[in-house]
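Letters A, B, C, D, E and F mark the chains as written, and numbering starts fresh at 1 in each.
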């Protein structure tokens, strides 16, 4: 409780943000450059999939981010509903569009990979389907958040939705194990350690890192922006009341 | 037995009577929303019982419900019904008369009950009609707002308009005609009970 | 600066203040429907701000809207909310107190506004709660019905009940405590504007 | 318990009084299902093959269109405030309202389903499984839909939001509902029908249990906010 | 003519203001169309085979659900009376309102159709014919629907009545709309695609012409009655 | 030159790979750009309002002391 409320102070949060932002921006740029270089020049083509394997270095991190961001939103929603913590609402609100963007990327790059590999842009298997559902959940979350005159009400409603929709995340993760699908089973994040070659694993991990820091940068800026907007709303109200 | 009345220009008719005596029903008949079972309605010499359209463009009816869309702001609500342009100064003047100008950009779902009622009333000024039909206009208004309403009615009458309203709490207007409906209602006048639905009206 | 009050048994608190001064908001906070931004609510020694459930079974709230289903009859509407059996004599007594017994089997969509309000009020008597929270209970009532309401309140207090109500028109009760909210509302008291949302309440 | 029955019976009485509520879902179901033979051509094999999917999708849409009314009227006329303040626990009240909704939409759909199944040349065994699957599945539709209905109360575009929120959540029910019937239709021996359909039916049951748990909690949270 | 444009532009502005009207039909179209693969299983051949039927039925339902609002709001707030009383001919006014309706529902549907076609593995030629067929067919849907919308104004259960009245009248459009695409998909040589689809497209055109003639007349008569 | 062409053709899968990468670039960049744009706009507006408030606040205070 007290830990939470220390960060509830928006000014403290802003100060913290301003100090870390340059650092994480730097990490993002560096890891992105390194990852791209390795993806294109040091990693070999796959013996089965040929050059198309290079799509993996953006497809898989996007898919990870899609699930990670949704989970973060669900966590923030729990905080928001139980502790009514304003920062949790802001974080959820700021994250949703980024998550939707990455989900879209996972879908689009997956399609672009699927056409040469499976011969179809789209197949209706469990993994693909559940990611599509995730995309709609993001859209619903964003729509619900903005559907009310009072921001607070939108935040709460969206929080409930995010928690209910969290059921989908394990389904995405384990769909490849529970149903037989065309899609590849997990080869990095599995209980017995990664099963892919280091020459491909490293660029993949570095790109994953880059995407995660990119998310951090954008989400922090968005929260900052939201904080200012909240202040603006209050001022505008006061101006109107003064009139 | 029947109920018979006539309304001149610039006049005010107050309908009184206990709950259920038929004030609202009479107002709805006058507005053409209900059709009388018996009796007829004459508007400027024309029989308007069957075709309420011929005078509906001259009246403005405000009933118990405020017909406010909660998702629109105060200003949008007013614009929507007045048929005027959004920037028309008439709208601001109408809001100002009922002291709603500061709330112009507030979403209507945040309004208090009295504020909603004032918004409904400010429509009267935004669309200038000859005859106002008001059903308990002062419900929920505080003392100051009732004064504003009385002012608005006085001004309306000074420009040749008329007003008919039903009310339980006093609204002061100059030289009103009063009509107590208790005696015309089967609920309160037992003599009427066997006469089957004699709710009637001539204007 | 804050608003602070305490309510004893058998007492009556009247909330006054102009439109938008926060009477309805305060009543909703007291009923637990709204949560206060600041301040707390103490019910019989327990802090009930976070868990309104612990006292909600002792209060009865009647807001601006009557919560009446138009397709059900008067009796069916009352039965539903009282949680009593259809043939319970309490229901008839409750209806009788507000002179609604003759309309028992009328579909609620035919009720006049005052009759609907009386139906809503008769719920107070059908389910016996300790604290009544009434938001403008007399809206739409004729003079006789306001008397009935005053009687009902007096009886309720004589059996140890309390009542808090907001009103613009006078309702006479014995030895009321009055609270004018004008001074606590940012809309009317400019000093409050810069204090950021200080809507508050302690019971 | 009595509060529960009280709410159910009142909602049922309301629905019976304004019968349009009762007929709308069923009528929409039947009419829409009948469009498909026109759209797909009259090949009996094709129709029988896709019948389960069509019936489920159509049932889902019919339920979807009736979701808004579960809470909207109560919200607008102030009954919801009374419900929240009444002694009955809000969770129970929500379950009661959902039950009433199911009795007035889900149940009629199940009763109408054999008619549609006949039209699509489904055989009797598949039809039995269809009925079982719907019996297990339609309550979940009402339950999940109720969450969306509470979340969108007072929203600027409530009517549009509901499909967006609800359809993604309906997909698992749809998949297993159809799966059960497909499994039944594809089993060669008569005895295997139930054995084949069973895992799907069990999953439908699991969804029902989960939504029975989640709906009251999520719904109660959402309703309280809607009134703030 | 200026009265016509006036009505069209006013209706469009209203639709844009409350965007829900605009997005509702399209969103419903996309979401519903996507339900079918879940319901029917993922066989690409089956999906491609039934794609035209699914797309047309779904489009038809989306239009159906938006019919009520063509006249209802205007009826309830009294604008319709003003319209009848205004100098503009009522027939023209009806056509203008139908055009506005088509621009806000039919056109977005056509724009969204290629996306759905892709998901169903339709090939490019069939897709072109689909777009042509929808371009000819969806205006008829709006026109025919407008008659039902005027007829049910003020009816106690207007919302329920509309599907009942309108779906039978939509069936010819549905049949020829699907027929055109089926013909295109079944033509073996590339050159024959258009030749094969042509009779169906011509029939769609004929339906459009007939409904262009009938709707203003029937609609005007119905509107005048509704206001009595 | 050949090497460059080879690189860009990606074993004939160039179209897929480059579309995937450019789509990713577009989405991520537009997320960043819209975010920064909104921040700038809000900051500017905040400064303006704060300025307004300061001047208005002073006159307001005077009014208050003048109140009976």
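One rule holds in what follows: contacts are C-beta pairs under 8 Å (C-beta built on N, C-alpha and C of every residue); 3 or more make two chains touch, one makes a residue touch a chain.
Because the structure is predicted, anything quoted here is derived from the model rather than measured.
**Student:** Moving step by step between touching chains, how few steps can get you from subunit D to subunit E?
**Tutor:** 1
**Student:** Which chain lies the greatest distance away from subunit A when centres are computed from Cα atoms alone?
**Tutor:** Of all the other chains, the one whose centre lies farthest from subunit A is B.
**Student:** Approximately how many whole Å separate the CA-defined centres of subunit A and subunit D?
**Tutor:** Computed value for the inter-centroid distance: 32 Å.
**Student:** Calculate how many whole Å lie between the centre of subunit A and the centre of subunit F, each centre taken as the average of the chain's C-alpha atoms.
**Tutor:** Centre-to-centre distance between subunit A and subunit F: 18 Å.
**Student:** Report the inter-chain centroid distance for subunit C and subunit E in whole angstrom, where each centroid is the mean of the CA atoms.
**Tutor:** About 51 Å separates the centre of subunit C from that of subunit E.
**Student:** Subunit B to subunit E: how many Å between their CA centres?
**Tutor:** So the centroids are 42 Å from each other.
**Student:** Any chance you could list the residues of subunit D touching two or more other chains?
**Tutor:** Subunit D, residues with two or more chain partners: 154, 156-157, 164, 167, 171, 228.
**Student:** For subunit A, which residues are shared contacts with two or more other chains?
**Tutor:** Those would be 129, 136, 149, 238, 241-242.
**Student:** Out of subunit C, which residues touch more than one other chain, so two or more?
**Tutor:** Residue numbers touching two or more other chains: 64, 190, 194.
**Student:** Provide the residue numbers of subunit B that touch subunit A in the complex, in ascending order.
**Tutor:** 71, 101-107, 109-110
**Student:** If we count contacts the way the header does, which residues on subunit C are in touch with subunit D in the complex?
**Tutor:** Where subunit C meets subunit D, its residues are 31-35, 56-57, 59-61, 63-69, 71-72, 76, 80-81, 83.
**Student:** Of all residues in subunit D, which touch subunit E in the complex?
**Tutor:** Those in contact with subunit E are residues 19-20, 23-24, 27-28, 31-32, 34-36, 38-41, 46, 49-50, 52-54, 56-57, 60-61, 65, 156-157, 159-160, 163-164, 167, 170-171, 174-175, 178, 182.
**Student:** So in the complex, the part of subunit A that touches subunit F is made up of which residues?
**Tutor:** Per the stated touch rule, the residues are 40, 45, 50-52, 54-55, 58-59, 62, 97-98, 101-102, 104-105, 108-109, 112-113, 115-116, 214, 217-218, 221-222, 224-225, 228-229, 231-232, 235-236, 238-239, 242.
**Student:** In their complex, what parts of subunit D are in touch with subunit A?
**Tutor:** For this pair, the touching residues of subunit D are 147, 151-152, 154-158, 161, 164-165, 167-169, 171-172, 210, 214, 218, 221-222, 225-226, 228.
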